[in-house]
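Some notes on the structure that comes next.
The chains carry the letters A, B, C and D, assigned in the order they are written, with residues numbered from 1 in each.
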Amino acid sequence: MNNKNLREEVLRISGVNPKKCMRCGKCSATCPAYDEMEYHPHQFVYMVESGDISSLLDSESLYRCLSCFACIDRCPRNVEPAKLVEAIRLSKIRKQGANHMTANDVPALLDEDMPQQAIVSAFRKYSK
Amino acid sequence: MQVITREQLIEKAVSLLAANTVSCVLGWSRGEFDYDVSPAVFRSEEEVRRNFVWNDFCGANMSKYLISKASGVDGKILVFLKPCDTYSFNQLLTEHKFDREKVYVVAVPCDGMADFRLIKKVCGEGIISIDSEDAILKVKTLYSDSPISVPLTDVLAERCKNCKSKKHVAYDELLGEDGNVLESGRFDEVKKLEAMTAEERFEFWQNELSRCIRCNACRDVCPACTCEKCVFNNPSSGVENKAAANSFEEKLFHIIRAFHVAGRCTDCGECSRVCPQNIPLHLLNRKFIKDINEFYGEYQAGEEIGLRAPLTDYTTEDIEPCEIFHRRDTDA
Amino acid sequence: MQMKEHKPLIVAFCCNWCSYAGADLAGNNRLNYPAEVKVIRVPCSCRVNPMFVLRAFQRGADGVIICGCHPGDCHYVSGNYYTRRRMAMLFSMLDYLGIEKERTRIEWVSAAEGAKFAATMNDFVETVAKLGENKRLEDLRCK
Amino acid sequence: MQRIGVFVCWCGSNIAGTVDVKAVAEALKNEPGVVFSTNYQYMCSQAGQDMIKAAIAGHKLGGIVVCSCSPRMHEATFRKTASQAGINPYMVEIANIREQCSWVHKDMATGTEKAIILGKAAVAKVNLNTPLTPGESPVTKRALVIGGGIAGIQTALDIADAGFPVDIVETKPTIGGKMAQLDKTFPTLDCAACILTPKMVEVAQHENIRIFSYSEVSEIKGFVGNFDVTIKRKARYVKEDICTGCGACVEKCPMKKIPNEFNLGMDNRSAVYIPFAQAVPKVATIDPNACNMLKNGRCGICAKVCTAGAIDYTQKDEYIEEKYGAIVAATGFNPISMDKFDEFAYSQSKDVITSLEFERLTNAAGPTAGKLLRPSDGKHPHTIVFVQCVGSRCSACTEKGKEYCSKICCMYTAKHAMLTRDKYPDTEVYVFYIDVRTPGKNFDEFYRRAVEEYGVNYIKGMVGKVTPEGSKLKVQASDLIANKQLHIDADLVVLAAAIEPDKSARPLATMLTASMDTNDFFTEAHPKLRPVESPTAGVFLSGTCQGPKDIPETVSQAGAAASKVIGLLAKDKLTGNPCIAKSDEWMCNGCSSCGKVCAYGAITYEEKEFRLPDRTTKIRRVASVNPAVCQGCGACTVTCPSGAMDLNGFTTTQIMAEVDAICK
């Protein structure tokens, strides 16, 4: 799948229009996991817009997002960066084909520091 | 069989007359046969008891009669309205057609009205009486010894099969229980036509509209047609035409009529009910209603008093006329 | 089939402030378009009654086009917004009745768009010419 | 049937080159009504016009068709010619055979054929023309300005200086508006009071201006040149003409704990108050919600201390009616509510303030006498964070923010940052911005000075979260250029709140039948060419009620609105365009659809009594068109199902006649 198709896929899954972004950076300003990330929320939006999905797919940043949705709540333009993150996670899973985790694999990977929300979201994702 | 009985309505009318709440009653009056019910004004208890009817043939929408009847009365006029009639009632008030203060509305629940033409199809000619009990019609004809039983659901009028709402949107007093707005399949026929090719549609309408005899019944019964003088009757309008002289003018009349009521039509279906030629005129109005819903958002004329009709409104982002076909072509 | 050289008759309703001026500009710039196009001047596209459109078809027009200011630029603030709704309704209805949808068109032409006016007319005449004579909506008495 | 003359112009070879003008004149001779037809080289020349005049006289013509260039060129010329020859100017029709025929077609046969058809259409139309006379209406030579801020003040002064009486209606006890609350003004840094208060005094002393302060417009009827306005003068319980503004009552009033609106609630005032020292009119007002005397009948101290005897507890709201020829809306703006912006902790911390509150904090007449002190503890703040675009450019949630750019925030924030660094060089100042927008004379230079000379830290990015922690405000923000998330311990956070039109604008627009956009800004008659007029004739727009503006822009728009008002009031009579809608009352059924599509509010409805042929009478609701207001677009004519509404000069039958002639 080339970049353009990847981009389309991410846009379709997320339902987000990154063109609405006016580059204010409030998403990154509000992000509690900012320092953990290689690519920050505003960069996510910009990279999806410019089609640089493969860097995002390969980045650990993808799993640093806590899905707290602060960025969605605060964005003045309704761009919804967290939905892009989620969409790229899904694309990554789709690329992995049948190799992805099952719900049974999740408990083994849990550690104490993991936020509740991430655990719930992991179960939700892998139990489908 | 309707849930509310004729007797209940008569008692209601009589008591309101007796209490001087109203000075006359607008309702359905007995005709020669059970099925030819017509609208009438009753002025006394005696008249009401003798001629008032409420059966499966009270399809007539009483709202429009208020325009002429509400202004002349001393005190108030009582009117019985079925759910679909109340939408027309509100729409007429939106257009300032009569004084709300002059009218006392009693809302009557309705299980749908029978289409006499369908009964005739089932039972043949020579119908002398029709009684109904528990949603079964007992039809006596000249040619059969025993009454023929027909379930009401088999002979419901098209508009009642596709009833859009059992909810009354206006009343002073409600008899029985109020229903809800329904999900109806009323646009199915329109969709079927839209799916045809242009040639097929042209054939269809040519066939239907060429039967028009320009009796103007559709116009005269329509609660949205309330002009002092119709453009088609007005010599100075430039389009006066009292009888269609050719196939174009049949269309002209019906397109313009549908356009004039677009956004104001409540889809009461009276036009098709009264058409002596059985032309499905409601399909024109429903096309406009469907288009309005699709292009400008769901809109039900008469839902509330004072709504701004879609054709007297706009948004800066409205769909372009060229887009509508594009959208349809890509949807198909 | 009598496809050879049917000259379609086109009625164009143009609003005084934008499209009629656009048509004038096409003239000033000597931009050719077919003589089959006849312009009727109206103050605003919202003056165009659906009855006028039907009347044109009735009397033998093969295509009707309505031109107005671009949405948002109406000289009368909101006239063309109403036109847009009315004509969307009318065109959709004509299509529903089986009249070829290509015979009706609405186009926003500003006073500066002489070239667009000419191009639109060229294109419209060509489209309508392909459809041939308007048989479905024509008053035979008047021919 | 009219007696019609046809005049075909050659326009040198412009027309005659592609159109056989003689053939056109000849062909049109046979059209119904045509009694005379000719052609000439230049119809618009004096000789051509004389020829038309001679023909009108000689052939007793009732109407003429000129086949020539576009009516946009010479319709006015030929109408004048017709008028000089004694026929109604509206009995002239032009067939455009140059721009829309000879110039766009190459072939003589085609051109001639089309020219004949265009001529026929014009003849068909003239046959149905009727003489039209423009309506006239008188003009009341007095203007009403609604709103007494800088916009209203400037408009009123300009109109009054031109010699016309003006009334200003202001809801607050004093005129002055938002500008009176400001400290300094960008980019020159003049003190706002120093330039505004002389204007306020000028207003008060102007013989042509009356100020109705503490008043509201409660009803507007009528139309351009003839508005009837009812003004509600709220009871201020002080006789305005007697009060000297000495302030004795204010000083002695025991109710001292009322939040002071003028200082945005950052300090208190008394129940009887004068908003600020330079208030105009400088009279006291009693706040009925706070005054013990008015609430419980106990106290009465102010009446005792008032030596002038101006206090009157029995005063009632008073309604006055006045006639006006023109109305100017100058209702101004307010900063939006910050209540919904939880992330900035505005409602949690006193030290998170809006920019307007900052203005009061730095104003010498403000609650801190101009010293920049934190509202919470009165200490000097050392780190100040300014956040721009709070609620501006926000399309996500209409309840929270506004989609538009508020326009003034970039500049006043630069001003605040600069002044802070100027007065208190020990403070660290951060400005978080999305874009810095500085189009305007000396604006960008001003902003650059703030950065380069005053060392303000401009950071491209946004503040995401403010958390009060102890005496500090933890500010979490992004620096997009460094690609870092910043954490700043601030002492004061200043929010550049978006501005929105004053709440009084919407009901006013309804009264004026003036249109508004979705943001409740007044709509202009034309966004480019008529920016200070409302589509409703006789209603003009001044200042921020039309859109976000800074002071110089407001003042220039105020002047422009005034010049439009002066232009209107200078006329004794208004002559209308006769090509307007007319309603046939006998056919109108009062459905009121036409009124809904009229952008000008020209259509009104009345109950009218009709005598019927059977000698009975009937009362019906019918539409009537105000000729002074109607602009003649024709939107109503198509909305009217019965065809009762028609448009003079472009009647339904005329247009259909043209269609018929073309399609024949």
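The definition used in the following text is that contacts are C-beta pairs under 8 Å (C-beta built on N, C-alpha and C of every residue); 3 or more make two chains touch, one makes a residue touch a chain.
Small disclaimer: the values here were computed from a predicted structure and weren't measured.
Student: Would you mind telling me which chain pair, C-D or A-D, is linked by more contacting C-beta pairs?
Tutor: C-D
Student: Whole-Å distance, chain B centre to chain C centre, using C-alpha means?
Tutor: 36
Student: In angstrom, rounded to a whole number, how far apart do the mean CA points of chain A and chain B lie?
Tutor: Between these chains, centre-to-centre, one finds 55 Å.
Student: Starting from the mean Cα coordinates of chain A and chain D, work out the distance between those two points in Å.
Tutor: A distance of 47 Å separates the two centres.
Student: Could you pull out the residues of chain D that touch at least 2 other chains?
Tutor: Residues 597, 639, 652, 656 of chain D touch two or more partner chains.
Student: Of all the residues in chain C, which ones touch at least 2 other chains?
Tutor: Residues 50-51, 55, 72, 78, 82, 86 of chain C each touch two or more of the other chains.
Student: Would you pick out the residues of chain B that each touch at least 2 other chains?
Tutor: Residues 231, 238-239, 311-313.
Student: So which chains end up touching which?
Tutor: Pairs of chains that touch one another: A-D, B-C, B-D, C-D.
Student: Spell out the residues on chain A that touch chain D in their complex, using ranges where they run on.
Tutor: These residues of chain A touch chain D: 20, 22-31, 34-35, 40, 42-43, 70, 74-78.
Student: For the complex, give me every residue of chain C touching chain D.
Tutor: Those in contact with chain D are residues 9, 11, 16, 20-21, 23-28, 30-33, 35, 38-44, 46-52, 55-56, 59-61, 72, 75-79, 82, 86, 118, 142.
Student: Mind pulling up the chain D residues that touch chain A in the complex?
Tutor: Per the stated touch rule, the residues are 343, 389, 393-397, 401, 432, 434-435, 460-465, 476-480, 483, 485.
Student: If you look only at chain B, which of its residues touch chain D in the complex?
Tutor: The contact residues of chain B facing chain D are 71, 95-97, 225-231, 234, 236-239, 260-261, 308-309, 311-313.
Student: Any idea which chain D residues touch chain C in the complex?
Tutor: 70-72, 96, 98-101, 103-107, 110-111, 113-114, 117-118, 121, 515, 523, 525-527, 535, 579, 597, 599, 631-635, 637-639, 647, 649-650, 652, 655-656, 658-660, 662-664
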